[in-house]
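In this document, chain identifiers A, B, C, D, E and F correspond to the written order of the chains, with residue numbering beginning at 1 in each.
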């Protein structure tokens, strides 16, 4: 099977981290294709960034047909419903996947994200996916996305934030709130002695499970059928479906 | 005061309908500036269309600074949070506005939208804004957006759908689920003897109310501060905030 | 258009504050009629007061027919459903109006009310209107209603309470929890650099929006039709509908 | 022990039905004092009626001090919070009591009320008390309150409505939605072979349970302490607490 | 009437405490039959204990037919739905009963349980019964079940925990979270000047109320009909219904 | 890796179906160990059966230490929390797993279970896991568990029930509500052209994903630590943890 992991940030270095995390958990018979978006923001740290990362994500899906699953590697899960309309296999976001796998590991999980301005989006996703009773809280570690890899103190700061989140919320598990943290899950989990879920690994695992079952996005209600064709114009003219 | 009404569909004829609805309810001292998006889908009927309408919406806000309020005239309320980060005045979506004004008019309201594939998005918005207890149901009239103005049977079909929605849901009011229906609210309300709320008129009224109070988007939590600056690339390079 | 603002407290000085707040935001073509209840408690600070303020409110509506909207200027929103059955135009409470206008201004709003014994009622209204996810918390400033105008420290105390509420709840906006605070919204908003919503101004704005659209209370479900006629007796005999 | 059952309708014949139902289930050592309100509507069938029944209810409590519990015998549970502030023993409404006793008897219960205009209030109470997951639906039998005793077809009509409610909602139990139906619970329960809960009997049982435990309304949060004293005026001047 | 109170812990001393609490509130015409489980854990302090207490509970019900009500005297309410299928009268758990009787006594109640590992189960029950809006919080006093009777400091520790819970949660009432605390409700209530509800007393009161009304578990939906007969094997062979 | 799939029904033929479904989706490097419970009911079709299946399930976990994950193959997810306290690897129920994997495949999923008396338990699980907004409805096909394999019409009846559920609920996906249906997911999915999720396959996939990430049940809150040791007696004496 083949799983396509899309980094909707245009920062290629981040894609390397994501790809490595994906490959470290993939089934022996699963190929990971890691793709970097070719348009939009270098990193996603605002609603503005997130909205403008979606065209690049949709372009990446269109440019990589035939996979058995698509993973959107940004914790805001941008463009998920649109992606489901156009992809020919299941699509998951890493926030969604991380919460689904963290929920059964204890009473509640806590989310630790990057900047505090991203907390709101995480809160919305928690409610949207139905995990309001399973999420004990959302916290920020105050490290910008692109500094996660370059700041030598990242692991220590994040470990401290995760440890405090567990205690404050009375939670049993941690969900890491950014694809750029994917390489730190094991280390932090060992340090704080608690399950720490990275959404990239979670997403690859869930997509493999779905692929093995022949899972696909359902279209019976009509919502996720292919979009009606129509004229697109201006800078987005190329998104017209021919 | 000046209110900027943005049609995120690129269909200019639809903007005319929207502008007329906005002007018909505006305060005597309120100027309505109606703007058509210059990029993206001609009409919004899928998650794909909606996602790709957001860049044009954000461009329109940037190109029309200084208004006392911005109204996003598409019932999917696309790009609302991103718009709030960059606009210097309150931003409302027409779904949001319509629900806020319909809620106090009875026990529950029913939403009547265009194609049934758009029902899911309306259901999400109902939950997101907190109106799950106030919305009796979401229904489709099965008319595509661009046919609303050209199909001579639109008013009759929509009236019938509204009437059935009231009865099926036991509701007291109707919310029209598309900006392109804005010219029909009065007629249908008279025909079915019930309050029928169009989001364009509702949005203009709420924005005027906010403007008169000096309302603005709050930034205390950090979520809605101006987005961090960063490199944008590819077809969306121009969205980089300088 | 004409909007009737009813103070269900019998304290006439409070009506002056309310009327001024209403007129300061009203459309140029909107007449504000401010009415003081003629029976019941001087101020509303308990469930007991609130219940006994309702007859005076209903009497005031009956005595002022023909308005385009009625605003109940007490943050407990007393008698709203009863008022809707007998008024010939939309009826709003100031708690309801304030929450509807505050919700779109940020992630969450915080409510600051008078005595802590009134917090429970505000919590009930938050849930009833569907704003449990939008309200970050309800706080008291511990000033009795009638002291709001006479205590020279009111503005400072209230400003401090609002500032703390924002920080404690991580909110973006404030809702003032008493009609008697209506004159302080602008000043406090400037002081704490956040949107501060007064329900009187919010209610006038929403009612004007509804009036411009021809809005009215819906009667299709039967709940808000005129009440069945019947015998009334005792001290309330005059409330029998003839 | 002594339990005071207050009929907030001024119809004395209805008080007889209520008193009989209360006495039929009371503990051997429990005295039932049945009181008819002396002011307000003859029967309660609208929000207007309900609001105007509250002063008479509060007067009846003040006139009957020293009971071990007070039951408000109207399914709208009017004035409950106000009554709790002034009564020196626990206060229950019959809707509240009926739902608390019906919930443990099956998966869900269905409510059958009088006129369909009263459905909305029942829906509000269901949500307010937390029984949204336990209530399968609210239905009307279309018999006005005062006809319940005089219409010879009442029992048959009500039995049919209850039977249909069970089937439509897939419920296991019925809650009767009016104090005037108190004499029919046993007969209907036998006819439809399902538990049928009358709120008057339920309330007497719950109040006796609370009285035996020394239960009382808690005042720690401040909400239910005695109301602050203040000036009352007009027709309600006598409600001023001296 | 006869109410059967079953202690699903096998500790007989605890049954004495429970029986005394039950008898102290029972109607004069109500016989209390107190039964100790004959198999499973001595005390229930984990999900493991709770699961393994259920067979003994079901055996106790089968061995004591003909009661007018059955009370499961463990705050985890183990085996309630199974018990309802096989008992010929209503079945209540003490958590369920305590919450139903505490809810009407104030804005919110707080639960104080034994070990903090039992908090999660209480949180689940709060949600399951619909009391999420009525329960202000769940707290532990850190005393193991079997030490409740033997530790001379129990009353002081528990009183302190209850007092702190009231203040932390802003609650009006306390629910004691273990059958072994049944003898302390009166003393703690007096000490902290707030209603303190013990589930054993609450359950006896609610079951008596139901018995007086002829209440029984409803079977219309099919869920609570007698279980289908089938082969049982191994150590649980005797549970096969003949 | 090794995943232990436990059939808490004592019917060995059913274990064969379950094991085959598990192996058909397992990673190439994953060994499936399928275990049949040795005590309790032959099939689980009531709350009574379910409660009495838990001891056998807990025994099976104790008898099969060292797996990387445990799957409880009964759609009522019996004994899950108890199993988590004693297992040294993550534990999933098939209802839980199926819902987690079905949720991302569309707007809502519908559950189709065996007898209608089991609908209530499924409804409880939907709420407990947070999927109330993702589950469109729960339906029964009216085939007893042990007839699923022997009744030649099973596939046709189930296919029809799934098809009707999709249409009635407006859902996009189906969740099969019994481990005994595991062999029919592919066939029914093809027939109704919609994703059909079997919990056994879903559970194996999720457990493999968790195992690859080093997932484990979190113990930070204390709830899922090993149970306190204590005396067990009677027929369950062997469950005492030494």
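Convention: contacts are C-beta pairs under 8 Å (C-beta built on N, C-alpha and C of every residue); 3 or more make two chains touch, one makes a residue touch a chain.
Chain labels with UniProt names: A, B, C, D, E, F = Aspartate/glutamate racemase family protein.
Quick caveat: nothing in here was measured; it's all calculated off a predicted structure.
Chain centre most remote from that of chain A: D (centre = mean of CA atoms). Rotating chain C by 180 degrees superposes its CA atoms on those of chain D, with the angle stated to the nearest 5.
Between the Cα centres of chain C and chain F there is a gap of 52 Å.
Remark: chain D and chain F have CA centroids separated by 44 Å (rounded to whole angstrom).
For the pair chain E and chain F, the distance between mean C-alpha positions equals 29 Å. Multi-chain contact residues of chain A (touching two or more other chains) are listed as 107, 119-120, 127, 133, 221, 223.
Touching chain F in their complex are the following residues of chain A: 24-29, 90-92, 96, 100-101, 103-109, 129-134, 166-167, 170-173, 185-186, 189, 193-195, 197-198, 201-202, 204-206, 208-210, 212-221, 223-224. Per the touch definition, chain B reaches chain A in the complex via residues 10, 38-43, 45-52, 54-56, 58, 79, 81-82, 84-86, 115-121, 124, 127-128, 144, 146, 221-223, 225, 227-228, 230-239, 241.
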